[in-house]
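In the two assemblies presented below, chain A is common to both, partnered first by chain B and then by chain C.
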Partner chain A sequence: MDKNIHHHIPGSQFSTHNGQLVISSGIQTLDSLLGNGIPIGTVVLIEEDFHGCYSKVLLKYFLAEGIVSTHSTFIASQDVNPYHIIKELPAVIESDPEVGDSAVSKTSNNDKLQIAFRYQNLPSYDSDYGPKENKDFGHIYDLSKTIDVSDIENSDICCWTGLRIENGTKTYSNPAYNELLKSIKNKIKEGKFFLKDNPEKRSMLRIGIHSLGSPMWLPHRKSLQSIDGTRDLDKFIFCLRALVRSAYAVAMVTVPTHLYHEMSLERCIHSSDIALRLQAFSGTELENNQSLNEYHGFFYLTKLAAVNSLVSKHPGPVEYVFKLRRKRFSIEILHLPPDIQDDNKETGKKHGNKAVHSMGCSGANSHPLDF
Partner chain B sequence: MLKSYLTQPPYQKFIIIQDTLTENGKPIFDYLLQHNLERFDNKIHYYLVQGNEKHCPQNPKITVHNLKINSQNWDTDNRINITQIAEGLQKRDIIFVDSLAHCIFQYGLAETYRLFNMLKNEIGVAQIVALLHLDLLDSKWKTVELFNFLSTLSMKVQPKFSSEHGRIQYQCKKSGGRVVKQIEEYYFQNGKLETKKIEKLDPKKLLENASRPEINPDDLATFKISLTDKEEESRSQLVLPYLPKDENSSTEGGQIFYKFDEQDDWDEEDPDDDLDI
Partner chain C sequence: MFSLADPRYSNPILSELQIKPEDQIISIRENANADSNFIITHLIKQFLYEKHKLCLVTFHSNVAHYQSVGKKLGYDLLSAKKNNEVIIIDPINAMVEDVGKESGYLREDKDSLLKSLYLDIKKHLNTLLGNGDHQANLIIDDLSHLVDLGVDVCQMINFTTYCLNLTNNDKISVVLNNHVGNKIDEIVSNNLQYIANVHIEVSALKTGASLDVTGSFTVEKDSRKRVFHYKAYDRGIKTFHPGESIYHLYK
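And then the complex of A and B:
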């Protein structure tokens, strides 16, 4: 591939790891997790949290980044009107809104906790904002503000609602899947995003599909199949990947996987390139866990395909957590706090238990059966 | 807490009451209907899929749509199309459906879900309240999970447990991503629904309270120490061979007199003194 052509695509850069052309997901921590960004021609699968609101935030970041980088956008949803999602996209801002706050808290932390001088000036490992390689790549967004209407009007946005669906295909039990694939293909063709096309100005297509495989995508009554009974979902992701591979396009698909059986889910992950899972704490036992109360959920990087390379950049068994603040969504490595307080309690409890339950010849005077 | 979710703003968009034949959810459904009638001026649409039209509350604010009439299209009368009714709705309307399961039987799972999704998201009606009979569902279709995905407040009526009041297990999705899952007790007082949090006992406290009762050696030993009344009685009646027998005591034998030595090692202590028995 001729690198000079790619240089003209705004909002993209070459990965330092494998030379692959990547685009930003809109969240800088996620970009660095994925190895500089999302490689073009890939499908990102997001397993939705139970409520579905955190996965929606990820999708919004992805689409907002596309609009700011003047990429074309294709958005599909049957559950909500895709135009509402576009209207709620976060606004881009110059500097990080909460970087000041964290700096203040860091200094106050320094007063409390003295660390060896050798380590004091080292950058922290999971700091969100490392040195930026490319000014054009990745932006900062404020979730409390929404994008300007004029920005939406000036962008190339295509919405798909699934309202006009023709029958007459046997590949899928719900013709909506076929219809969506056709629409995406047409969009790629019209916008000249195929690799073989030679448009005057090369651009990128971002495809966002919200809540694919939700009950709105259920097979029709005649097919008599349950939600797990059809292979529609994984077939669709497989076809989508084939389509996206041959184009300057990236697809982000959120799926309410908690409605599906594990087997169907694994097929979907197999057909995608990058798979992420959001597991919110709210409504589960983890909600009351002291060491997790700062965060909103676990962030799992289930799959990270090695594109254009033999080595996957998957970080291995590291646990990530996410939190959604008023203005910003962030992903961090989970560090458990020092276990000082609990330790005392634990030992105290152990002693207590021993006094009650032990039945040996230990010679503790209080015990009635000791001898 | 459940009461405030049901009756105070922000009002839940889609409430599902799951009930069974033994645990009836109709009283809660009727209460919500009554509550909406008293409180708001909104138009209420009552979709009659299961019950009898005579039992519907008569009120000018309520429009009853009897969907049972000619449901199979066998009659020459015009069949009421549920989608057509839905399309004529407005944002402020409130919808009550007396059986979601019957709705699914009539229109199919996919179509019913589409309809409710349209009501909730596209038209954006003020509130939907639906009764879902769990006995009528096949778990293979995952109907409950699918509708829970759409609902904002899903309640399941549960039987009484160590209390005079029935229970409701509910799950409420709040805006901002919070999900509340709880079990509460409910009862009706003067026709009003009251809910009460079930006081969960702290297991640690329970352990502390339970660990120091009177120490009973029976519970601690791996063998049986004490005797039952019957055993005690038979023991008392047993005559041991070395004991003087009544008939011989006067005629024969002698007595043993123990004479202490000068340095006799007589132990007067009870050997079982340390047992606390």
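And then the complex of A and C:
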């Protein structure tokens, strides 16, 4: 690809890793996790958390970043009205208020944490606070404010509500899938987003599909397939992959995967390029876990495909967690907090001889290692 | 005598695979979360070096992907295409036209879809073979996307049988890549493993993602099974035996 042609696409940049044209997901920590951003022409599959609220936040960031970068937007949902999602998009702000606050409080604190001098000058790994490479790339959003109505009116936004279509194709057991693909294709065609097109001003299309494959997408009464029996979802993701591969477009799809068998999702993950999974703590036994109470859930990067290269930028065996504060959503590396609890009195005992005796499966003294 | 330029000796992957012209059926099984694309791109390198003709069917990645990986591995797929050494059947690109229309690759009659795909492949292989005295290879990446298109297990077995029967001509060999994601893929892959001369299985590490080792692959040939670990780099792959990664990574 000739790099000069793409120079003027707003909100995109060439990845420093492999020269791939990437766009921001709206969350800077996620961008750095994916190797500078989401490559264009890819499908991002998000496995929703149980209640679907955190995955919706990810989708909102993705779409808000598109509107700020003057990309075109296509949004589809059968569960909620897509207009509501658009209205609730977070507003862009100049600087991160919560980071600013914490920085002030850090400096005002006199007993600053002393660390060994050789580590002092090392860059911080928390890339959220690191220097930004490109000012046009990636913005900061405030979840407590919503986007300006004028911004929405000035953007090219296409909503798909999926009114029930009774007659139609035989290739899908629910014709809505086919209708959605048709609309996406028309949008790509009208906006001249195909790679082969030559519009005057090249732009990008962001496709957001919320809760694809939820019970609202069930096949019709007449067809005898259950939610697991139908292969509509596999076919849809594969067709979507073909569509975005040939266009300046990125699709982000959230799927309530807890409704499906693990095996039936395997094919969808194979057809997508990036697969993420959110596992919220609320409602599970991890909710009351002391060491995780700062966070709201686990963030898994299931798949990060090597697009146009041999090597994937998967970060390896690192565990990530996410937290949703009032104003921002962030993804962090899981650090277990140091074990400082009120058991100071017991520590004396532990180091004594008694500890040796009490190591074992049984014993009158309750030792933390006993079970 | 062999030449040092021969990738079968100089390239780590190809020297472990040791594919010979008599290995007419090569099957690749891609397990969950693994990426077997590097095997295919390396095989293309060998085929082009040996001046074989090539018919490539791309369901999973588009031609730009093969081209940019190929450039890094030291071959130019598109110029080979210009020189009529390679013919690419590009369903992932052709499908775009068919979306929403129920025609072409998305037609309802799956039998006729497979038939026309097979006839296309056969026609192209015949063109490639021509009157010359060279080998022709068929690479399908990957078969399992036919399952996504709604092909059922009997039709899949039929189609693979047809493709395998192409090897009745000694000059043709086939490479079939199959991702295993559901029952149908499993059946197809097991059948391919049974009939293949060389069976390659690429898996992710059982212990989860690692920065030192990308994954593992096994090569089954002449009832001998060898296991390797590999690490992907920007311009190539390093292979080593399980447990030896530390010697190779810090050398």
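The rule is simple: the second predicted complex is superposed on the first by the 324 of 371 C-alpha atoms of A that agree within 3 Å, B and C clash if a C-alpha of one lies under 4 Å from a C-alpha of the other, contacts with A are read in each partner's own complex, and residues count from 1 in each chain.
We take it that a residue touches a chain if its C-beta (ideal position, glycine included) is under 8 Å from a C-beta of that chain, and two chains touch if they have at least 3 such contacts.
Just so you know, these numbers come straight off a predicted model, no measurement behind them.
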Quick one: classify A:Ser291 as touching chain B (first), chain C (second), both or neither. neither
Please indicate which partner A:Cys239 is in contact with in the superposed arrangement: first for chain B, second for chain C, both, or neither. second
Contact-wise, after the overlay, does A:Asp79 reach chain B, chain C, both or neither (first, second, both, neither)? first
So, does A:Ser32 touch the first partner chain B, the second partner chain C, both, or neither? neither
Classify the contacts of A:Thr302 with the two partner chains as first (chain B alone), second (chain C alone), both, or neither. second
With the touch criterion stated at the top, can you tell me which chain A residues are shared between the chain B interface and the chain C interface? none
Contacts from chain B onto chain A in the complex sit at residues 108-111, 113-114, 117, 121-122, 140-142, 145-147, 149-150, 171, 173, 176-181, 211-212, 215, 217, 220-221, 274-276
So in the complex, which bits of chain A are touching chain B? 49-51, 53-54, 78-81, 174, 214-216, 218-221, 226-228, 256, 258-259, 280, 282-284, 296, 324, 356, 359, 368-369, 371
If you look only at chain C, which of its residues touch chain A in the complex? 32-33, 35, 37-38, 41, 62, 64-65, 68-69, 72-73, 91-93, 95-96, 99-100, 102, 106-108, 144-145, 147-150, 179, 181-183, 208-211, 214, 232-237
Hey, which residues of chain A end up touching chain C in the complex? 1, 18, 169-171, 178, 181-182, 185, 194, 231, 234-235, 237-239, 241-243, 245-246, 263-264, 266-267, 269-271, 302-303, 305-312, 314-317
